[in-house]
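What follows is subunit A paired twice: with subunit B in the first complex and subunit C in the second.
Take a look at the complex of A and B:
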């Protein structure tokens, strides 16, 4: 059974909306800058923050309490509403549709604000009520309810592969006939919790990140949200909509090596890409572009490159990491980079791997200038999370009916 | 979907406020009057090397203990998939990290707490221990996190994408979070902790008594539509998340009032308490009831759960006469 993408929505450091994202990608302008919104002492680390403040977004969306104090939710609603409207979904289309969202920090920004007073008072103050929104599920339910009346809502939470796994589960819901339409993706705001967490692992770069560069020194975190509308062939025909692309293959595997490090030979990543190609019935030579996970840490990029070399040898297709554009948007990265891949396919360009200078080895040379290719047929999008949670999605150009 | 492929429950194990890794709760349940009851910790010496166990938080130890126990009983050492539900994940480590952040600021934090604070730490740890490279996913969606994980496993088994899956639900509650939940979840009766692991299989290699016939997740369903779904089949016993607290029970009573018939009902929260994974204990109890209902009978139980009257789930379990009980 074929599964199509019929709509996209996105917000990130590259701007608000699919069109703004396209313009930023084509101009080669990174969204990474000094931290402005997040309350942290670690201003030495640049990040891909969404330029708008919570007040700006809440005003734009017309939402009040508690949504206006939950950045993940605000980013999520912005992207989900765009996805639904770009797929021309009416309210009646949503009542049997599913909303599947990936997030890990959920409402942690609110928790950070109220935890100390609630903890010191042993929960005897009203502040402790705000901790309720910490749960990932509430974020998804609030995003869903501010987007439409969905028939089913759930949340995947697998750290940096969360959004990719939401898309995989969404595709399985359609393949199984549970529903015809799924809005899937992820949302994640930058928080003090994970900025500091990544800092304890000593994998944040004080300079702009340089994925796949020999001298890369770590991650710049980012934030944002993106959703895509997945739809069965039957539903696409019934609604007479034009698909953006086909989700032709996907796989999730586990590196099963370490909670925060990846294996030297990239076993999990290798298996994910292989299995996704098997499902899509594509051979390695059919892949025109790999949007790599490419976080910019020494460990991830070496391991991912090793996995690519196991599949393609010295003939690795055009590849790049777009994290030097957006920062590492953690749980949202799978869907944010999916939208970037779909733009690349539709507009015939390969987004450059900004910041790259020196190759890791002879084969590992990513695309750096905006590479104009007329025909990008098949794209692999990689998302890898803590615990060696590795997901690959393949998007293919579809024949218009 | 391949209608021929069935999905069976091969084995299960639980850690809760009842005696762990056994079924003593059936004949001899512990009774509680406290508002917050922690899980009884399992003896993990034969399941986890002590040097490793020392480095694990409570939820991780419990999850590994129930997973290994369920795996051992199923005869499958290497599951095709590991799928977990958890409402709040590794709460103890997250809380410690937050406390350190409040006390010591942003400069003296411990990497281990962060590394073991994400929701999927549980599923990943099990994969690392078992060296399982297969599908690995984690759902965190309020009180239907378990059902989300179960739906994922069930669909993939029915589709032939996997043959079996280790599926579980795990939630721990710290003393501080219990105080918070007393305010944020006034619908709970007594707050508890749950770890439950189950091996599901297509039954090609093994047989078991209990089959999962259907799973539905519903977001803010219309009560009449939900009742109509249950009216389709008036035979099964309904397992409800009734806990004696009107804030929690009212939606169940409204649903019962909308049914065309008076079903026999079962409940589980008096024995196992309330937390985001407590619906996994409804599943556990439901499967045990069917396993023990007698070889000559068709047993059917429908599990119904709601989380704050927002997320609902319906799971249909069935046992057919003559199906072999493994063991």
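Take a look at the complex of A and C:
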């Protein structure tokens, strides 16, 4: 059974909307800059923040309290509404559709703001109510409710592979006959919680990140949201819409190695890419581009490269990490990078791996310039999360019967 | 789906296939039924709970079958108890955050811990639901067999609020009659 992508929506440091994202990618300009919106003492770390403030986004969307104080929700609504409208989905299409969203941070920004005062005698009653928005499921429900009246809403939370797993789960919902249409992706705002957390793990780079560079020193965090609309072939024909691409294969595997580190031989990553190719009935030579997870940490990139070498040997296809464009958008990265992959396929270019200078080894040379290629048929998009949770998605050029 | 084995762990008792096998804390349960994995003591409460449920379910399953298993777990509170504890460590201006605590501020670390212990390389997912919903858990569990054809699926609810309020209700299931010896 074929699963098609019929719409996309995105907001990230590269701009608001699919068209703005394309222009930023083509111009080769990174969205990583000094931190402006997040209230933090750690201004020494650059990040890929969305340029707009909460007030700007709430105004643009026409939403009030409590959404206007929840950045994950604001980013999510922006991207979800664009996805729904770009797929020309009407209210009647949504009533049986599912909304599947990946997030880990959820409403953590409210918790950070009100956590202390929620336990103070004077402000306790009112402020403690703000903590309920912390919940990841609640955050997804608010995004869904502000986008349309969906038949089903659920949340995947598997750290940095959350959005990729939301897409996998959405495809499974269609294949198992639960629904014909799924809006799937993820949303994640930058918070003190994970900036401090990643700093605690000592994997943030004070400089701009350099994925796959020999001297890479860690992550720049980012934020954003992206959703894609998944549809069965039958629904595509019934609605007479033009698919953007086919989701031809996917797999999720466990690295079973460590809570946060990845194994030296990239077992989980290797298995995820292999199994996804098996599902898509593609051989390694059919893959034209790999959008790597490529966080810029010494551990991830070495492990991911090892996994690619196990599959392709010295013939690794064109690959790049786009995290030097967007920052690592954690739970949203799987869907943000999916939209980037779909743009690359539609417009025939490979997004460059910014910041790269020196190879890790002779095989590990990512695409750096804007590489114009006429035909990109099959793309692998990797997303790996803490917990050893590894997912690969394969998007292919459409072949409608 | 066929249920191979079913475990329920609450603060009151631990039931394995409907039979009470233990009364006491999760640490007590570990000493009684595992005892050989010191990393247990580094885990947060959610992981300890899910880990022990998995220990009881998987103890008679041979390694080659375990390798291709899938893990799909659900709860309502995510990793909230550890999120709160971690937030306490960073709420002072002169804070010293703990990496050992931070790694557990993700709900799906419990699936990772179970996979590491049992060398499980199959699909692993974690869903956060608004509330316990048996039908949704059943649907999602069934969908796992559509694509990845795992040898077995470890699935169910694992939610930890505090030491008086927690529940693991986990099952080992297959999609057909499978020889698990």
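FYI, the second predicted complex is superposed on the first by the 393 of 401 C-alpha atoms of A that agree within 3 Å, B and C clash if a C-alpha of one lies under 4 Å from a C-alpha of the other, contacts with A are read in each partner's own complex, and residues count from 1 in each chain.
We adopt the following convention: contacts are C-beta pairs under 8 Å (C-beta built on N, C-alpha and C of every residue); 3 or more make two chains touch, one makes a residue touch a chain.
Just so it is clear, the model here is predicted, and its values are computed rather than measured.
Novice: Looking at the overlay on subunit A, is there a clash between subunit B and subunit C, or do the two fit?
Specialist: In the arrangement built by aligning on subunit A, the partners subunit C and subunit B clash.
Novice: For A:61, decide between first (touching subunit B), second (touching subunit C), both and neither.
Specialist: Touch partners of A:61: none, neither subunit B nor subunit C.
Novice: With the two structures laid over each other on chain A, which partner does A:136 touch: subunit B (first), subunit C (second), both, or neither?
Specialist: Both partners.
Novice: Identify which of subunit B and subunit C touches the larger number of residues of subunit A.
Specialist: The partner making contact with more of subunit A's residues is B.
Novice: For A:51, is the partner it touches subunit B (first), subunit C (second), both, or none of the two (neither)?
Specialist: Touch status of A:51: no partner.
Novice: Report for A:144: first if it touches subunit B alone, second if subunit C alone, otherwise both or neither.
Specialist: In the superposition, A:144 touches subunit B alone.
Novice: After superposition on the shared chain, which partner residues are touched by A:271: those of subunit B (first), subunit C (second), both, or neither?
Specialist: Touch partners of A:271: subunit B and subunit C.
Novice: Kindly classify A:42 by the partners it touches after superposition: subunit B alone (first), subunit C alone (second), both, or neither?
Specialist: first
Novice: One more residue to check, A:201. First (subunit B), second (subunit C), both or neither?
Specialist: both
Novice: Select, from 182-190, 200-208 or 218-226, the region of subunit B that bumps into subunit C once both structures are placed on the shared chain.
Specialist: 200-208
Novice: Based on the A-chain superposition described above, do subunit B and subunit C contact any of the same residues on subunit A, and if so which?
Specialist: 104, 106, 111-112, 115-116, 134-138, 141, 154-159, 165, 168-169, 172-173, 175-176, 178, 192-193, 196-197, 199-201, 251-260, 267-268, 271, 385-389
Novice: Mind pulling up the subunit A residues that touch subunit B in the complex?
Specialist: Spelled out, the residues of subunit A in touch with subunit B are 40-42, 99, 104, 106, 111-112, 115-116, 118-119, 122-123, 128-129, 131-132, 134-138, 140-141, 144-145, 149-159, 165, 168-169, 172-173, 175-178, 192-194, 196-201, 251-260, 267-268, 271, 385-389.
Novice: Taking the touch rule as given, give the residues of subunit C at its contact with subunit A in the complex, in rising order.
Specialist: The touching residues are 71, 76, 78, 80, 83, 86-87, 90-91, 97-99, 102-109, 111-113, 115-116, 118-130, 136, 139-140, 142-144, 146-148.
Novice: Show me the residue ranges of subunit B that touch subunit A in the complex, using the header's touch definition.
Specialist: 1, 82, 86-89, 94, 97-99, 101-102, 105-107, 109-111, 114-121, 123-125, 127-128, 130-142, 144-145, 148, 152, 155-156, 158-159, 161, 176, 179-180, 182-185, 217-221, 276, 307, 310-311
Novice: In the complex of these two chains, what residues of subunit A are touching subunit C?
Specialist: Against subunit C, the touching part of subunit A is residues 104, 106, 108, 111-112, 115-116, 134-138, 141, 154-159, 165, 168-169, 171-173, 175-176, 178, 192-193, 196-197, 199-202, 250-260, 267-268, 271, 275, 279, 385-389.
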